[in-house]
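Across the two complexes that follow, chain A remains constant while its partner is chain B and subsequently chain C.
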Partner chain A sequence: MAATNELTIERRGHTRPAARRRANFVIFLCPAIVLTVLFFVIPVVIDIAVSFTDLSRSLRITKFTTEQYQRIFQGDRRLPEVIGLTFIYVFGTLAIFNVTFGLVLALTTTSINKIAGGFFRGVWLLPRMSPSVLYILLWLWAINPSEVGLLNQVLMRVLGLNKPLDLMTAAPIALIVISNGFIGASLGMIIFTAAIRGIPEHLFHAAAVDGAGTVAQIRFITLPALRWPISFVTIYQTLSLLVSFEYILLLTKGGPFYDTTVYALYVYRRAFESGQYGYGAALAFFLIAIGVAVALLGWRFFDMERLLQRPRIEVQ
Partner chain B sequence: MLHCKSRTVALLAAALAAGSAGMMAAATRTLAQNTVKLELWSRQDPSGPLRPGNVVKAAERLNKELDAEGSGKRVQVVVRESPAPGFDDDALQLLKVFGIGQGPDMFIAAHEWICAFQADGFVLKLDDYIAKYPQHFGTIFPSLWESAKCPDGTYAIPQDAEARMFFYDKKLLRKAGYDDAFIEAMPKRTLSGDLTMDELIDIAKQVMGKTKVQFGILHRPSKGPDYIMVFQSYGNGFVDPKTGRLLLERDKLAAAFGWFERGVKEGVIPANNTAMEFDALRKQFYTGNAVFWMYGIWDLGTYAFPTYGLPSDEATFFADWGWIAAPAPKKGGAPGSLTHPIIYAIAAHAADPELAVRLLGNASAADLNTDHAVTTTHLGIKPEQLEDPRYAKAWPLARATELLKITRFLPNNPQFGDLNSIIFRALQGVETGRLSAKAAADFVIDEATASLKDVVVK
Partner chain C sequence: MARQAALTDFHPRPTAVDWDRMAARARSMRRAEAVALYAFLIAVSLPIILPYFWLVTIAFSAKAGVAETMVLWRSMLVLVPGVIAFWLAAMVARNRREAWLGMGAIALTAAIAFGLLVGPDLHLRNFIFLVEPDFASVVRSRVGAVRGAVQFPNVWHAFANSLLIAGAQTVSVVTVASLAAYYVSRWQFPGRAGMLRSLLVLHAFPVLTLVVPMFLMLYWIGLLDTLFGVILVLVAFELPFAIFIMKGFFDAVPWDIEMSALTDGASRRQSFLRVVLPQVRNGLLAIAVFTFIRGWEEYIFVFTFLIRNTNWTMSLYMYYVRDDVMGVDYGVVSAVGVFYLVPSLILYLAAQRYLMQMSIGGVKG
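Moving on to the complex of A and B:
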């Protein structure tokens, strides 16, 4: 009974006068509501409105039409290819780097000396802290298709390769996955590190006494405690990868041909490079719809609601 | 009494102060009313700083004319520089600026975009003004006016012209065993239709096989006019002459893409040409690592002489370097070149259209245009420029003028800029092996019919 009361208090807060509750609501929630309305609801409404117009390169609307949606479903032969690529890019980056590699980094840097662990985490944070243009400039130099490029210097001088390798033409999809993954891994790394640090130390000692090795400790103590952070990172990074394209634009410009044009970049190219704003808005509408659907599915699938109620990584 | 006097003095002083302030305000107003501020939109472009520069200079001349006429008006030019990397991006940006009612009074653009501005009613029709000011516009080459026309009239003033070609490195050809007779005959053989596009690939391949040169033929890495020259050589006009609508001919498109496809297959055109940087491409050619470079005459004055130290003396230059027109696709066929005039245009809502016309007329004066031509190796717009000793001394201009006999323009169709984006994308697809030549032609037709209006497909 006492526990129920505690839970009620936790959920509803202590009983306070109605005026105070209203004031708290305004103080704490208003900024978030205003920002959400300004930067999400209004743009979505504008996007939907524009998608039903013929807004083109001189920003003029001459008619309201459903042509843009007809074109998406009937006339755009590039779309299946773009959607397929987006799928590979999002889930490839997520599976290889943002979750798996982030987790590996967190596990390794928390299991070594504290100073060394901190140093390596700092190194892996560098891509995220660098301005995007600088980060991509370094990539462009590293993969330069001539002998000048860092990679080619290594391949030709150290490994004796005859001709320089042109990754941009030979493996553009791998290139965008790796360049984005190096940035994405650090978010997972930090969240997982914090979660691992939250696990009571005595559990590891007890397991060690019981004869559990490192792998068993990770499998039976660490990973179960990380279920919630992994859920969060997966959902958050899926949405982030779906809508972000700036690194791809800077690195490959979506090319060669359409090889690295993911959906969000495709929307950008249609709208801003070709001046087809109406069509771009219609394409963007699906991005919004998919984003909301993925967020809701993730919420449901990973039971995120429970995550937000009480800390789950503490073991009772 | 004293009190009364001081009150009178104070009142008088106040009245004087108020009067003089009023007069000053009126004078300022008059001055302000007489100065017409004209805003010029210009892309920051190292290959033509005098395009806006000449308009600024022209304001001084026009103000003197206005003074001599006793007019109270004066012109002030404000240059609004756009950081767009190319003329296509610049035009798209300017269309948006006009779209939200923030457009300039005058602008500088690539000629093929003029009808896009005309179609949306952003640009002033100039036929009457051109007829009214023959002293400014009367001697401009008639052929250049074609680049300033839309179906219902003239909407721009040609600012310059140029010629595009295939530059070649004679040293490399000699090293590969070609004799001087062959090397020196190449330009004439091209003009007579004897040297073909495929022979160009063969020569490049031979040179690559016999020397250590890494590249055969290089072209621009971005969307632009040069590669369109190859398409035109293969018979693509892109506009139906009867209707003025965009015209796409599948076989001719596939033939042009086929040339690029063969170039890559033979290892002559690098598969990643469109992924390379402009400066890196130039460097490869001017430092002896490429046989041919498809570009324009202004590259000599803008980069080759000052940056890469190529000899600016005519005889020394032609000893080791040369250029040819775009060869014919088959023996006996027609060679081609492409000129891509830049134009001045006046906005439909310009503050004072008459003054803007006179200003751009002054900016088109032979001496000012020659300043631009000789400093950036662009071709002039008036015959009297040919008599200017500075122009005669700038030998690349005289030599490139030979190509004007066979030159073509990009079509002045409002949608050509968009079509060119599609063509460039397909070209990238062909060179990187993502599309065959035939698939590229299909791609261009599919994309164009889906996203552009009134496209005729044959």
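Moving on to the complex of A and C:
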């Protein structure tokens, strides 16, 4: 009896549960919700709205039209080229570097001495760890078209080339693929390394006893264990390659002419170089749609059940 | 054929398998494999190491302003054999004492060789931009060129701007994300499932696609070309990822700890602050460091949203130095590069452990 009394007294000291629940909701969740709505939801709405206007350099809306979309589907003759280039760039980088080379790096660095493996992984993380402006600065120096450039020094002195090579005009697409690939490879490398480390050691011993060589071990033990990480890296990196243009903008500015202007950069150049904000918004809408679609697809790879598990304490 | 030859062989064959020979063969096979692996890794890693090394050597040695490579090749001449000798010493040495002796001798030799070959060329004059705000004119007058229209702010001003952006972003993201993550992790409320679903979508959503509408929005509400506007945008963009990571850390805290705090009379808010928060210190550190680095490196959004040169961050400073002074003086450009790169690298190295934890946690969801 006394205990219940004490309890009620204690309860009375607090505010009512419902009010408390509301207060908690405001304190804990409101800042995040407000910021998210302000900077994710509203921009998407603005983008769709602006794509139906003729907003241009003067930043003043004079009329509402659908001509931006007409232009995308009929008028813009550069667009097919841009989309084709985007495909080459995204899937080229993905296939060569982000997945294949990342896998090669993970396999090789896990099969040598632990410290040495860590060292080489560290080297490959350098591009990811350095700020983008600096990373691209190093590229510009390395491929300098005169004989001062690092690449040209090697080519001319070691391989006996007699004329300095200008990679920027000779092979611009290869250049953006490689410069992005050097960064992309490291994500695959880290994720695959973690996955390889997670494979039980005894499987390899058992396979070795059964006569499996290195290749057979990789083929029948490592690769099957990496199926999930590989699909994760593929989906995730497709999206990030599709929307990111930072390194290309810094390295080639989309040039020469429009030769390295991928879709995302095309949006940026249309909006901020030519001042066609309305057209840029219409183009960006498709990127946003793809982004949402891929993000939804990514659901399949998350363990929803675990994420949605119910909390076990109901005290406010 | 071989089988027949074996059958017609009348010499008494060794009855036991020659284990020693097989072991030796396996050992040499393994050694060949290791050599091949190392050769491959060194070959693919050199293109990355060389430019970074070049940056450092130019920053500390370039004199006339041209991009010299002599110092680079000479220091490579010392460094590459040095590293190889180090590895060999570590492999050949039979015990720890021998290894230390060998490594010490190699380090000493390398240091002396480095001092003789490279030492005389080293100097700090390229770091002039740290003390001379108008370094661009000084550099230009040195070569007699007058080109260049960029008015540079004091480098410490840009440095402070970068610190401000990254710092404010970090504090806000850590606070807001840990509050929200705790709530979605531990509380039942209407719409919780929907909120978790949208969190998943947002965390994978590419924010770069929003750069055009974001620019217009900032322009209309008058926050374009202000540090405050950029900080708000960056905080919001970093949030879903940070909440996602923090939720993982909160999920891992045992319920019993919190339950016992509540039994001892703590309120839910008290138990969050005093009991649960200290348990997720690693998570807080991870998102803090990660957010700080992101703010420090940010380029696209600051490039698009900040215009006045008093608002420049280090990334813009670096960009314009490269654009304006590059043709004139490589030494100063690379000195700025080193100055900009080092904080990033230090942070990454210091927080490597936490970042690894996070990236794995992030992947597993």
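Methods note: the second predicted complex is superposed on the first by the 252 of 316 C-alpha atoms of A that agree within 3 Å, B and C clash if a C-alpha of one lies under 4 Å from a C-alpha of the other, contacts with A are read in each partner's own complex, and residues count from 1 in each chain.
Here is the rule we use: contacts are C-beta pairs under 8 Å (C-beta built on N, C-alpha and C of every residue); 3 or more make two chains touch, one makes a residue touch a chain.
Being a predicted model, the structure only gives us computed values, none of them experimental.
Asks: State whether A:Thr234 touches chain B only (first), chain C only (second), both chains, or neither.
Replies: neither
Asks: On the A-aligned overlay, A:Gln68 touches which partner chain: chain B = first, chain C = second, or both, or neither?
Replies: In the superposition, A:Gln68 contacts neither chain B nor chain C.
Asks: Where does A:Thr86 make contact in the superposed view: on chain B (first), on chain C (second), on both, or on neither?
Replies: A:Thr86 contacts neither chain B nor chain C.
Asks: Looking at A:Pro43 after the superposition, I want to know if it touches chain B, chain C, both of them or none. Which is it: first, second, both, neither?
Replies: second
Asks: Applying the document's definition of touch, where does A:Thr260 land relative to chain B and chain C: first, second, both, or neither?
Replies: neither
Asks: Contacts for A:Thr53 in the overlay, against chain B (first) and chain C (second): which applies, first, second, both or neither?
Replies: Neither chain B nor chain C is touched by A:Thr53.
Asks: Looking at chain A, which partner touches more of its residues: chain C or chain B?
Replies: The partner making contact with more of chain A's residues is C.
Asks: Is A:Ser186 in contact with chain B, with chain C, with both, or with neither (first, second, both, neither)?
Replies: Neither chain B nor chain C is touched by A:Ser186.
Asks: If you lay the two complexes on top of each other, which residues of chain A touch chain B in one and chain C in the other?
Replies: In chain A, positions 59 sit in both the chain B and chain C interfaces.
Asks: Could you please specify the touching residues of chain C with respect to chain A in the complex?
Replies: Residues in contact with chain A: 33-34, 37-38, 40-41, 44-45, 47-52, 54-55, 66-67, 69, 87, 175-177, 179-180, 182-189, 192-193, 196-197, 200-206, 208-217, 219, 232-233, 235-237, 239-240, 243, 255, 258-259, 262, 267-269, 296-297, 299-300, 304, 314-315, 318-319, 322, 326, 330, 333, 337, 340-341, 344-345, 348, 356, 359-360, 363-365.
Asks: Once bound in the complex, which stretches of chain A touch chain C?
Replies: By the definition above, chain A touches chain C via 14, 21, 24-25, 27-29, 31-33, 35-36, 38-40, 42-44, 46-47, 50, 55, 59, 105, 108-109, 111-112, 116, 120, 123-127, 129-134, 137-142, 144, 148, 150, 153, 182, 190-191, 194, 214, 229, 232, 236, 239-240, 242-246, 249-250, 264, 267-268, 271-272, 277, 280-281, 284, 287-288, 291-292, 294-296, 298-299, 301-303, 306-308, 310-316.
Asks: Which stretch or stretches of chain B touch chain A in the complex?
Replies: Chain B residues touching chain A: 92, 95-96, 98-100, 116, 120, 122, 271-272, 274-276, 280, 418, 421, 425, 428-429, 431-432, 434-435, 446-447, 450-451.
Asks: Going by the contact rule set out above, which residues of chain A touch chain B in the complex?
Replies: Of all residues in chain A, those touching chain B are 57-60, 71, 75-78, 145-146, 166, 168-169, 252, 255-259, 273-276, 279.
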